[in-house]
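Below are two complexes that have chain A in common, paired first with chain B and then with chain C.
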Partner chain A sequence: MNMTSLNIVLVGIAALFGVGLYGLLITRNLIKIVMVLQILVKGVILSLVFAGKLSGNLGLGQSIAATVIVADTIVAVVGLALAVQVRRRFGTLDAPQISTLKG
Partner chain B sequence: MAGILILLVIGFAWLGAVVVWLVGDQRPKAQHWLAFGFSALAGISSLLLLTTIDSRPALDLWFGPAFGSLTLVPDGLAVSLTVIATVIGSLAVLFSMDYMRGEAQLGRYYFLVLFFIGAMAGLVLSGNLLFTFFFWEITALCSYGLISFHNDDPKAVRGGIKALIITQVGGVGLLAGALLAYANLGSFQIADLLAKANTLPVGVLSFIAFAFLIAAAAKSAQFPFHTWLPDAMEAPTPISALIHAATMVNAGIYLLARFQPAFETVPNWSASVMAVGVTSALITAFMALTATDLKRALAYSTVSQLGYMVYAIGAGGVLASHFHLQSHAVFKALLFLTAGAVIHSVGTRDMRRMGALGGQMPFVRNVFIIGALALIGLPIFNGFWSKELILEVGLEHSPLWVYALMLFGAALTAFYTFRMTWLVFFGAESDSLHAHDAGKAMKVSLALLALGTFVTWLSFGGFSKLLTASLPFHGLHEESTLHMMEMLLSAPATWFALLLVAASLTLFFILGRKFALSQNPAWLDALTDTSFGFESLNNGVVRGVNFIAEKLRFTQSGELNWNIFGIMGGLLAVLLVLWWSGVK
Partner chain C sequence: MERIEYFLLLLGAVFFAYRAIVSTRILVSTIYLACVSALVSVVLYLLGATQVAVMELSVGAGLVTVLLVYAVSVVGDDALDPASVIPKLLALTVVGLAVFMIGWMVYPSIQVAESKGPVDLASVLWQTRVLDVWIQIVLIFSGVMGVLGLLSERIRDPKKEVGL
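On to the complex of A and B.
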């Protein structure tokens, strides 16, 4: 792998992670939160594969990445299902408005 | 062999805890019997352990590089305390069968009691300081849970939390000392610390020594931490007998005795230990003199007697101290359980409302008098021999005026014990309370303990052999029971002490009976209510925590985005620390 493609992958990881993080910090809509979380995790998965490649444990990196994909999908499914329930119950998807446990 | 027995002692207790819990509160009878069965099995295993005394570890369990290996050492000091914890533990459980009959949530009660018994055995048997600390904290937790057992009573909850806070001060001391020892020796093993103590820098060793002294004082309710024990009396009485008289409060004495050879050379350490002991013994004896609550009076007397043991360790008498610990565990458990029988029967703890109960409950009266005489220290009772032994050590190794103060303490002990006995069982009937004699299970455990006060001192020879054979660092000399008797009976100091006790009793009969019933002056009540002004420690901690919590409330905004911001900040901080410390 030459220097250019290495940099491209690194920039890709940073961009995905950065977009996801920025989204998490500013979003209030539950469905959007699930979406930006997905983007963030995609960056993480990419970095796992990349780290596997760099350290020579390609198989290890890929298998962990596959595991994270599965776990991440479950997070998305549960998150969206929760969002649906929240919408039904509270009539809104705005995160601050549903914080009924706030003391 | 010894390894299996140790595992059986702790295993029976902890397995019993889980089983009693699982049986469920719908079957109280099964719970009573199972709890008694398991604690008795643990007691039998620990008695068998007496035959396998050794100074080397019997078991070596590897817990990874961070914790080191948990060695379990069945030496004389550890096994004698294990026997006290399990045997008195099973007697207290037996007593509970009558005392706790009809109470709700027995599962929780017996779980905590059995969990405590196992942890106490682990605490003394562990040869690894870090695990000693873990067991130490488990006993504190059980003590808290049992003091607050009646958790619908705000006084009980407050007493439990107070005990937890103050014993935590001691826990921090123990942990700090253990970690410092680890930083300098690279091992948590107690044997290593004892062997290499004089290779440590003086500053480090004195820090460890004083940290352990704080730990011991907080756990054993010694001055200036003595305030938690009286408030711990909200616990059911068998718990007061087991945890707050016979076992857990002895953990501090155990710690001091265990490390006495290592810390002896630390400048001022022995003198500080002695000062703590004398101060506790005297001020709590005064407080016992004015107490009107039966259990609080006994609690003050416990602190006072523990003060005698601490004093003996300061004077270098580990054997005398532990001999008194053994006697005290028996007679104080007896006194507490008897007090429990009285309280259970009349439904109040106020001694001013009792009086002339002796006629209605003759058995209870008789065993209480036996316990009281042992506490006063009359010959043929175990309390006499051990207390005189401590005074003998004190006469040899401490300044004369300190010895005189301790003698005065012994006289005070006689006075307040008699006042207590008089107020409860004799004198004039004040409220016509209806009392009934103790139940069957109560009677059995009381009778066994009463028997113990007559005979346990006979084991002195064997006890001293156990300790000398298995404690290589302490430099103890073996003594036979006969030699001990001869030494004490031929010493003029013993007869002088007895004379003083007799004088104190006479004084009580001449003017004390009036004094016993009279109202305390207001200033005295105020002084004892605030424990001579040392309540501020607990109050300070509580107020400090509340203050900080109030100030930090704003960080808990509940805003999702802020929380993510915090998480990211934390991640960044970890990365920065890693980068700064040069981890690649």
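On to the complex of A and C.
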């Protein structure tokens, strides 16, 4: 991999991470928060694999990335289940509104 | 040629990620998220991480998309995202600063090392990172149990309701 490709991948990872972070800051809908977390973690997975490739140990990077994918999927599953239950109980998916409700 | 592939794939991934965030309908955002996942898996494949690319494609573009569509079918797609609590300009500034600081810290320390030979994922996973495998097993079980507990409807006992 030459330096130009390296820089392109690095900028792409940073951009994906930045878009995910921006979404996390501006999103209030619980389901969209789960989706934004997915985007953020995709940037992290790419960076783990890329770090493994640069350090000459791609197997280690892949191993950690696989663990992150599993953990992220479980977070998405539990988060969506919680969002569905919150919607059933409170009738809203707005995160700040939930914190002010009692029930 | 290689750099054009990386550029187009990552540009597409970032564009679809942005569209997933700003889209008002959750179902449309879900489709954009699946596109991001597919493009990221192609990038992973080009980087040489073939097993992780397959996992990302099947889990990210498959399982998570199905789960999101299920959640949308339960709660409805009319759940529009209200206006942000944090001003968008402030959020952009914070994100720009965070990305700049990460790049400032990480970029000077990047060194391309020589490959230590073909080390496959299976040998690393089952010999060096056995703890990760156990953590994954525990996570999968806890996820399944958590979903079963959360999605199950509460069974009402009429005797308890009347205080008998």
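FYI, the second predicted complex is superposed on the first by the 99 of 103 C-alpha atoms of A that agree within 3 Å, B and C clash if a C-alpha of one lies under 4 Å from a C-alpha of the other, contacts with A are read in each partner's own complex, and residues count from 1 in each chain.
We take it that a residue touches a chain if its C-beta (ideal position, glycine included) is under 8 Å from a C-beta of that chain, and two chains touch if they have at least 3 such contacts.
Source: prediction; values computed, not measured.
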item: Which of chain B and chain C A:P96 touches, first, second, both or neither; value: both
item: Partner, of chain C and chain B, that touches more residues belonging to chain A; value: C
item: Touching partner for A:L21 - first (chain B), second (chain C), both, neither; value: both
item: Contacts of A:N29 with chain B and chain C, given as first, second, both or neither; value: second
item: Intersection of the chain A residues that touch chain B with those that touch chain C; value: 21, 25-28, 96
item: Complex contacts: residues of chain C adjacent to chain A; value: 2-3, 6-7, 9-11, 13-14, 17-18, 20-21, 26, 29-30, 33, 36-37, 40, 43-44, 47-49, 51-52, 55-56, 59-60, 63-64, 67-68, 70-72, 74-75, 79-86, 88, 91-92, 94-96, 98-99, 102-103, 107, 110-116, 119-121, 123-125, 128-129, 132, 135-136, 139-140, 142-143, 146-147, 150-151
item: Chain A to chain C touching residues, read off their complex; value: 1-2, 4-6, 8-23, 25-29, 31-32, 34-36, 38-39, 42, 45-46, 49-50, 52-67, 69-71, 73-74, 76-78, 80-85, 87, 93-94, 96
item: Residue ranges of chain A touching chain B (in the complex, touch as defined); value: 21, 24-28, 33, 95-96, 99, 101-103
item: Of chain B, residues touching chain A in the complex; value: 556-561, 564-565, 568
